[in-house]
Structures are given as C-alpha cells and as structure tokens.
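Paired with chain B in one complex and with chain C in the other, chain A is shared by the two complexes that follow.
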Partner chain A sequence: MAATDRTEVPARDYRVVTPYLFIAPAVLVMFAGLAFPVLQSLYLSFYDWKIGTPLKSAEYVGLDNYIRLISDPDVRESLWVTIRFGLWTISIEMFLGIALALLLEKPIRGASVFRTIFILPLMVSPVVVGLIWRYLFDARVGWVNYYLGTWFGIEPQVWLGDAELAFFAIVLTDIWQWTPFIFIIVIAGLQALPSEVLEASHVDGANWWQQIFLVKLPMISSILVIALLMRLIDVFRALEVMYIMTGGGPGRATELMSLHIYNRAFDAQLLGYASAIAVLLIAIVFVISISILLIGNPMKDKSDV
Partner chain B sequence: MSKKWISTTLASAALVLASSTALANPYEKYKDTTIVVSWPALSHFAKAETLIEEFTEETGIEVEVDALQYLKLRDRQILEMSKREGEYDVVSWVVMWKGEYVSKGLLTPLSQFFTNGALVDPQYDIDDIADAYLQNGGIVGGKKGYMPGKSGAMYGVPFGAETSIMAYRKDIFEEQGITPPATYDELRAAMAKLKEAGIPALTSRGKTGHQVTAGWLLHLAPLGGKIFDDEWNPVFNNAAGVEAAQVMREIAQTGPNGIASFGFGEAAAAFLGGDAAMYIDTLKIAAMARDPKLSKVDGKVGYALHPTGTRCGSETGGFAMGIPANSLNKEAAFLFVQYMTSKAGDKRMVELGGDPIRMSTYKHFQSEFDEYPVILDQLPCADADWRPLIPEWNELNIDVLGQALTQVITTDEPIQPIMDAAAEKARAIMEREGYYAWANYRK
Partner chain C sequence: MSNQLHSPWRVMAHYVCLCLLAIACLMPIWVMISTSFKDDIVIFDGKPIWFFFVPTMDNYEYIVGRGKFDRYLVNSVIVAVVSTFLTLLLGGLCAYALARAEFKGRRFVANATLLVRMVPPAVLAVPAFAMVIFLNVNNDLLVLIFFYTALNLPFAIWLLFGFYKQIPVELEEAAIVDGASPLQVFFRVLLPLMKSGYAVAGIFTFRIAWNEFILALLLTGRNTRTLPVAASGFLTDTGVEWGRIMAMGTLIVIPPLLFTFFAARQIIAGMTAGAVKG
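On to the complex of A and B.
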C-alpha cells in the first residue's frame, strides 16, 4: 500500500508536465516566427537606421521615435483612415456574408455553383485584385467610368485621384474580396447545426426570422466572433491592394497603417521610426484581440474538453 | 616534302593567328562569365535586350536582366548592394538616387576601370556623351554634392538619360489654329483654348508622391524657381514655386481626366492614346510615339522646345548605369557598360527604337527623326540643378512635396499656405540631417 503510494505521486507529477512537453516544439516555432521579429522591431524602434548602411552604425536615439510618434499628425491620420476603413468594410462584409450564407444554405438548384462563384474572389492573390480594380477604376480607360457613362450618363470620375472616391474604391474592393470569407465560414457553421434544434423550433412555431435571429445566429455566435476577429486583424495588416491601387494617395486618403509604415520605412528610409509605428500597430491589434476574446471567447465553454 | 613544309607553315601561321587573336580580344578573359543587370521595365530598356544578345554573341559574356517597375528598383538595389556579396553586377538608377548610393558606399568609382588599358576601348570617347547627361547621372560629389565640379567623381554612365521637350498633336493644333507655345504664357493660353474646345490639353503625372513632384518640377525651373538656395534654405515656396504649383493646378483642370492618379506610364499613355493634345516631359515620348504597340498617334506628333518662363530650362533625368561595390564580376560588368554606351552601341540603340546619349548619334540621325534637332537645341538648356540629388531628396520628394502638391491639384485651397507648410517640413528634415550646422557654427 505504502509502496504504491510512493509510485503514484511522481507519476501524477509526470502527467502534469507531459502536455507542456507536447506543446513545447510548437511554442518554440511560434516564438522564433512571431516573437523574434516583434522583438527585433522593438529594438530597431530605439535606433535611427538607414537601409544600405551596417546595422552597427545605427544611432541610438532612445525614445525619440516614440515622442515623435505621439505628436505626428500623419500617424494619427493613417490610424483614422484604418479605423474608418475597418468600420465600413467589416460591417458590410459581415452583413452581406451572413445574408448570402442564409440564402444559399438550403439545397436549392445550383447552390453549389453559386457557392463556388462566390468564393472565387478569395482565391485571387491580393496583388492581382489590386491590379484588376486599378484598371477597372482607371479614369481614362476603366470599365467603371465607361459603363457609368453609357448606362447612366455619369461624367467620368477620377476614382483613384480623389480623396473620397479613392476611399470608396478601396472599401468596395475589400468588400468584393473578403465577403466570401465571411460567407464560407458562416455557411460551414450553419450546416453543422444539429437539425433537431431547428426542427424543435419549427414545431414550437418559430417563423423564418425568429429561426434566424433566435436560433441559428446565436448558435453560431462563436464562429461569428472568430470571423470578426480575423477580419479586424486583416484590416490592420492590409497592404497589397492599396499599395497597388493608390499607393496610399491621393495625399494620405487611403494610406492604412501598414502602408504608412511601409512608406515611412522604404520611401523615407526612416526604419527606426517605422519600427516604432509598427510597435504601436502590434499594441493596437493585441488590445483589440484580447478585448474581443474577453467579450465573446469562443473557447470559453470548451475549456474542459 | 614541300607539301609538308606548306602544311607546317600554315599550321604555325594559324597558331600564331589564333594566339594573337586570343591576346587581341579583350573579352576573351571574361568568356562564359555571367553578369546580372538590374534595370527598369521601360521601353528603352526593353529595346536594349536585342543589343544584349548581340553583346553576348560577340563577347561570350552571358547577361541576365532583372527588370522591375522603375520606382521599385531602389529598394531592391539597396538591399542587394548592402549584402557582403551582391547578386547585381550592373545597376541602373534614376539620377535622383545617385547621392544616396554613393554616400552609403554602395558603388564602385569608375576610375578603377578607366585606368586599366586592357579594359578601356581607346575609341570610347567619353567627351562625346552629352555633358548634361553625364554630369547628371554619373558624377557625384561636385558642387553641392550632385552638380558638375572639380570635387566630383564618376560613378555611372548615362543610359536611358533624358531631358524634357514638348510634344504636341499637329492635327489638333492646326484644326484649332494654335501655334506651338514657346513661353509659359502662350502655353497657359493654349491650355485654356483647348479646354474651351472640349479637347484635353496637356497630360501630366499627378499621382501622390514622386510623380506629382516630378510633374511640378517640369515647370519650376523654367519659371525661375529652385528647391533650395545656396545655403540649403528651402525656397520653393517663393513666387516662382507658387506659380509653378498654380500651373500644375491649371494642367489638372484642363488636361485629360485622371491626372491626379497618373504615374509616368499613365501620363504618357494618355498622349499616345490620343487623349491629350500636348505632352511636356521626357524626350522618351518620341520613340514611344513611333512604336505601334504603344501609340495611336504616330505621324501626328510635332516637337518643340520646352516652353520658357523667365529662363530656358529643361529636365535632367532618366537613368545611368554603374557597378555595385559588392559585385563579383566588376571587370566584365565594365565591359558591358562600355559596350552598351559605345559609339556603335549608341547608334544601334537608336536603330532598335531606344534613345541615344551621344552628341555624334544625335547629329548622325538628325535628319531622320523630327525630335533630334529639337533635342540638340534643348540640351544646352538642360538644368544640372533641376532638383537636389542629395540623399534626403527621396523623403522631400515623396513625403513632403508629393503630399503638398497633391493638395494643390486636388483641392481649391490657396496655394501659398500649402507650399509654406511644406517648406517648414523640408527645413525640419534638413535641420535633422545637419545641413545648417555650418551656418550655425559661423554665427
């Protein structure tokens, strides 16, 4: 009895350590791939470094870059552009994506064809998306101006050279590309719903609207939170499409934060300062992610799994 | 016996011939070397690929070309040149980057090769290269660091270099009874008249950043303006600078639709596609107008001098080629640069549809191409101080002027305050980089 007691205690200890051992390789990879670049940019943000010169010759400037950051109207403007861009695109994408998924969830004729067509934009590389829409919106030879002119008699517009129109153009492009993402996530969630619950609600006399708002959407809410979170982070990462379509212009009207960082780093050669802005960006994304997870943690009820 | 003697003589003669050609061929030593060239994806350079094939055939030196959109070259080249051993053996830069490249120690001074008798072709004749092109693209360290002067050293040879001229549609001008404008007053009158007739007048670059600044610079020098005075104080917000900005605003209002989104390619395409009556920018437009793949206006285009304001002045710009400090095949790279810019190479470039850099080539072809006599007249006006080619220019160009001028052409706000604010930003950058240290020290 005593002997078995003695062997049991270390065995339990061992069991406590085992899961950590299993996830250790993944943690190490994550650390190398994620933490190292973040730490590197944090380090760089205290220096004034120009590409093409040795890193050793970079000048230590302490908190200068951060002090400059706080009072820089250009950074504030790009942050504001990013927030506006996020609000417009994500709200419209969520609405359209959920609506399309609800429409195409039933096995109607040709649903699979529609589904395939709807997710096509998602498969196109962002650089190509940027090029396609840049030519569509071209002031001189673009289709948008051509059809607006021939069908509605609207004067040709300088889509990518006017602050308001350029912003509209990148919002539209983003909606075109990313609505399908919400769509496939939601439709996958809807199809995984247990049919008993839906049948029960039907028996209880729920109409179509009630079924959507009181049964289906609440049941896939964790999926919706994840989709929202991923899109939010994407907005702060978005770069390629604006880079190709407008380069951030006219002025800074479409210069999202990541593009602002890119322009500062490579056009102006202010690598240290760009790193400081990047650290700010990481902090913002971190805060957003944590708060969304606190509000609607999709893993909350599954912690015992 | 005699047969044997003949064959022996022939054989030894052949041997002598063979060995003497081996010695006489300056390329022999570099046969089968592969050099990598980084240059822009522009018409002139695309045409040069045929000349590269001829170079490889003649010399046995293989050439790989890495062609990129021209404003993207800088990032790529700097990254490549700051490695211990670089991929690139020849780089082609826009003249505005030369100061930065040299200040960071990324280029090889060409004197290293011009002192080597085995490499330099005695018939190369460097004095034949248009002086404005050579000074602007290749010399670094002269007056103000970027202009001709005794302290300068040569780092590059112009290739795809340019000045600005005016191209106009002869048919439209005739129909509207307009003569090619010689001054800015005439130009602005012509723009208004064309606009009234419903014809888009002058095309221009106008996209935020480098492009809109490049568009404005075309008018700054002729109207008497400058970016800095001799003490590095920003003066582009004086009357001339504001007038040049006013001209840009008028161009955007009377020109083809979309100028605020036009880069170099779009601005040229508007003229080549028949959507603009005038073009004032690089002389490259002429070769492009003759290319049926690019142009719908071949045969309808006339050329004239860049209009004058208070003085005659035209752009100095385009590209020059040099050799990175970390190239592993510098001598073969030099032979390539020399071949492409030699008298024969330069003439061949014209035959292939590119642009020359040599005065002898311009003169040789002057009766063949309408724009060559105009260019020969324009070159003496080419302004070496067109823009300050200092390492800080990129930030001023894109972040300061490129933003302010977008505001000028996309809004109706008064111009003076916009330019004043930009001048303040420019002063802060120059202060940060220590340009006023001497002036402060003397006080």
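On to the complex of A and C.
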C-alpha cells in the first residue's frame, strides 16, 4: 500500500466507505431476494395461511405445522424418495464419471470437440430435458418401449404411470444429464495433478491400479467430496424435470422434497404448512453447504494468502 | 509403458469409448430436434425414425404463427438479458471490493454469499408469491428479473472474485497514484482485463435466467410467460402434441447450444472452478 502515505485525511475516509458502497447493491439484492425469503418462510411456518386470503387474516398456530410435519407420512415419503433418488443417482454418476475420467484422461487429439459434446446435456434447460425424456418414456409412442419390444421382446410398459418404473425413469434422466458434470470435474482435477508425483510413483514400481487407488484418487479426494456434496445439494433443489415428467406421481413416487413443497403450497394450497417443510429443506441444505465451506472455502483461502 | 499406452489399439479403443459417450450425450437431443421436423403421422406411428423422414416445418409454423410465441420470446429475452446485465454489474462491484479491500464484515459477507447460493428455488416460491401480493407489484417481468438477479449473484460474485485475484494489484496502485477515483480504476483499468471473467459469469447467469421454470410458472400470467412456461403449457392440453413440444424445446435450446459451441472452454472453466480450485 505505497499510495496510503500520500493520501490526505479526507481521501482516506473516502476509501474507508468505498468498499461498502461497492458491495451494498449486491448485498441488498441478495438479502431481499434470498435471505429475506428464508426468514419469511420461518415466519410463515407459524401461520395457517390459505391461498386467496390476505396474509393479515392468516391465523397464528404456533408449532402446529411442525407437529403435523413430524408425523406426516407424505413428508416422510418425499424425504425418503429424495434420499433414495440421491443415493442411486449420485453413486452411479460418481462411479461412471470417475471411471470414464480415469480411462480417458490422457490428452488426445480432438479432446476439445468431445468435451464440447459432453457438456451439452448440462446446458439443455431442465424443462426441455423433462420433455425429451417424457417423450422417450411415453407408453404409446415412446422409443424406450419400441426398442425394448423389438430387441428383447419386452411388453410395452406404462413407464411414468408405475411407481417403480417412474422412479427408474427419473433416475436414468438424471444420470444422463449429470454424469458429464462429474466426468469433467474429475478430468480437470486429474490433469492438474503434478506430473512429478505420478512419475515418482511409477519409478517406485506402482502399477496402474496402485497408481489410481493409492496416488491419483487420494490426491483429488477433496475435489471428489466437493463434487459429491454439490450434487447432493442439487438433489434437494431439483424439481423441474420431475414436474414435467411425472408431476411427482404416480402417488408421491417421484415427488422430491422441492417438488413436494411446491405441490403442498400451490396444489393443496397450504402456504403455511409448505413453509414449515421449506424450513426443514433449508436446514438440510445448510448443513450440507456448511460442510462444503469447511472442506474448501475458495474465498477464504485466497484472501489469507 | 509409453509404448503400450501409445499403441494404435489403445488409441483406437480410447476414441471408440469417447464416441460411444458422445452418442449417449447427443442421442436425446437429436431425438428432440428430429421429432420437431416430423409430422404427426410419423410421430404417432410409434416406430422411431432417426434420419430418413420427410421433414416438415408444420410444427414450427404452428407455434410461431399461433398463440403468442413472439411475446413469450421477447419476455424471455428481456428477463434473461436484463438480469444478466444487473448480475454482472452488481456482482462485479461486490467481487472487486471483496477481492481487494480489507474492511469490517468482509469475511461475513464472503461466507454469507456462499451460503445463500445454496437456497433452493422451491423455497423462494411461497415468499415470492407473498411478496408480489403484499407489494402489489403488477409487473411480473420486473419481479422475475429481481429474483433471477438474486439467484445468480452469489455464483457470479464467487467466480469474478477468483478472476480479480489474478490481476496484479500494482496496476491499480499506479492508476490511483495518477489520481484515478475508485470507480475510474474499476471501469477503465480493471474492466478491460476482466473480459473473460465476465464472459464466463455472463454465460452461466444467462443460462439460469433463460432456463428457469418454477418461479416463472408461478409468477407470470397469460402475457408475461417465458418460453419454458409456454412449452410446459403444451402438455396439459388434451392429447400431447409431441411435434410442437419438440419444436418449442428446440427453439428454447438454441441459445444455450450456441454458447456451448462458441465458449465450451469458458463454460468448463466455470464449472470446474467450483470444485477444483477450492
């Protein structure tokens, strides 16, 4: 800070307030658009507010919504569906993504073309992803039924009308869209590894498997954990694809937490109760987020350098 | 070892794997694009046709000609462009201050920003609904722009923060010594150096705003719908009109696909920044 010596007193005051002026607009918008709604959910969760009635006439019900939530089989089912969905999709995506990245990490001609293709599923809007896969899984004209029938002689199934099959369909759709994300992150991590370490382990006689499990994967473990937690948060945020493909049905077989909140609020029209479920969702997501921050907070690390 | 790895068989197997993966990624997208050019007879015949059918523009003529497609398109463009601009402007200023200045509460703002990034959009639905009623706002698009800006700011700030950290401080100090004000330093000295950072943040912001569905579904009416909401509208009609739906989907996907083709490297940089640098 060579310049500080020369600046005069009023100028220094000016510099003290400047950072606050710079951050104020963004902080205000984030507070009003993200933090305030979270606080308002907390507030509304103590009220019984029905759609179409003014907020003022909402009745204060204390902890009633939370008491109801604890023993609500529908909430429990949607939480269970979310966890099951997360376990299936994330474990398959991580396995496929890591395996493919390890197999294909060697730089190769045309790699950039392939990488461009691999990020396409991530760029397609979730609504469109839902529409495409709803068509593929359609009972009458869907391509899945056609190929299962002609290749394997399997009878046409009503994919999105059966609880187990519909769940399978949304899992497969998610795997299609998100495996490339894990693949690209792991590739980037592998290619950032210092080559000396890999050469050293090779000189020491490590074979291909040993190099993967004893050197490469441990060295990118924090990347893997962060990718996993980011996907976990996405599972709790997801709703568009299921909204389009199944609407959460049949029954509540594909109704993940986010979609459950939306349906409770605007289908069942219970805004207060939906807010209580939203508070539960926020609590879950914040616990995961804080673990991400503890593992690697990019802004903290760099500022301390 | 190197002999083994560079043997032609290895290289060929590598390419075959990559090609299979590429096909898996492209297949559903191609199904959408090809179906959008088929007429109902071909679609409802039930037999998948990959390439050889007589293409028709009927589906596109229908969705563009009837209804309010042009209006929904304009709505989508306005919402996405304006919220992207606001996000980059506000986010850039904030990221700059966080990256450069020492001030009380800096660490709190940095951590809080990362925390609110995770707020699920579904959680915003009820409060946003209440806010619109309470404030009696009757401009749906303005509300959407506000929420999309809020949703995108944390990621943009965090991404731009990393880019600012890479610019040497000496440049700004020289400008300050020459008598430039903080805003002049920001706009004249730093902005030109931050082009690629803003490009990455802009692409991500635009994509989220362009694709967002649930808040738009909730907060817009007949005239203020965005394209994803309009596309979902084709589902509720009696009998699902797949050709038209796929035409709508294809049109929605054009901007993100163009970004991918022209800026794949930047997009990957933005995606990996999250995990790899942390």
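One rule holds in what follows: the second predicted complex is superposed on the first by the 250 of 305 C-alpha atoms of A that agree within 3 Å, B and C clash if a C-alpha of one lies under 4 Å from a C-alpha of the other, contacts with A are read in each partner's own complex, and residues count from 1 in each chain.
As a convention for this text, a contact is a pair of C-beta atoms (placed from the backbone, for glycine too) under 8 Å apart; a residue touches a chain by one contact, two chains touch by 3 or more.
Please read all numbers here as calculations on a predicted model, not as lab measurements.
Of the two partner chains placed around the shared chain by superposition, neither chain B nor chain C is touched by A:I90.
Here chain B and chain C are compared by how many residues of chain A each touches, and C touches more. When the two complexes are overlaid on their common chain A, residue A:G161 makes contact with chain B while staying clear of chain C.
In the superposition on chain A, A:G248 contacts chain B only, with no contact to chain C. Once the two complexes are overlaid on the shared chain, A:A169 sits clear of chain B and of chain C alike. Using the contact criterion defined above for the overlaid structures, shared-chain residue A:R140 touches chain B and also reaches chain C.
By the touch criterion stated above, A:K50 is placed in contact with chain B alone, chain C being left untouched. When the shared chain is aligned, chain B and chain C each come close enough to touch A:F266. By the document's definition of touching, of the two partners only chain C reaches A:S275; chain B does not. Overlap of the chain B and chain C interfaces on chain A comprises residues 138, 140-141, 266. Contact residues of chain B toward chain A in the complex are 75, 78-79, 81-82, 100-101, 104, 106, 206-209, 256-262, 266, 269-270, 273, 275, 394-395, 398-399, 403, 406-407, 410. Of all residues in chain A, those touching chain B in their complex are 50-53, 138-141, 145, 156, 158-163, 246-252, 263-264, 266-270. Residues of chain A touching chain C in their complex: 1-3, 6, 15-16, 18-20, 22-23, 25-27, 29-30, 32-38, 40-41, 44, 54-55, 100, 103-104, 106, 108, 110, 112, 114-129, 131-136, 138, 140-141, 143, 146-147, 176, 180-181, 184-185, 188-189, 192, 202, 222-223, 226-227, 230, 233, 236-237, 239-240, 243-244, 257-259, 261-262, 265-266, 271, 274-275, 278, 281-282, 285-286, 288-290, 293, 295-303.
Residue ranges of chain C in contact with chain A, taken from their complex: 1, 5, 11, 14-15, 17-18, 21-22, 24-26, 28-29, 31-32, 35, 43-48, 86, 90-91, 93-94, 96-99, 101, 103, 106-107, 109-131, 133-134, 146-147, 149-151, 153-154, 157-158, 161-162, 165, 173, 176-177, 182, 186, 207, 210-211, 213-214, 218, 228, 231-232, 235, 240, 242, 245-246, 249, 252-253, 256-257, 259-261, 264-265, 267-268, 271-278.
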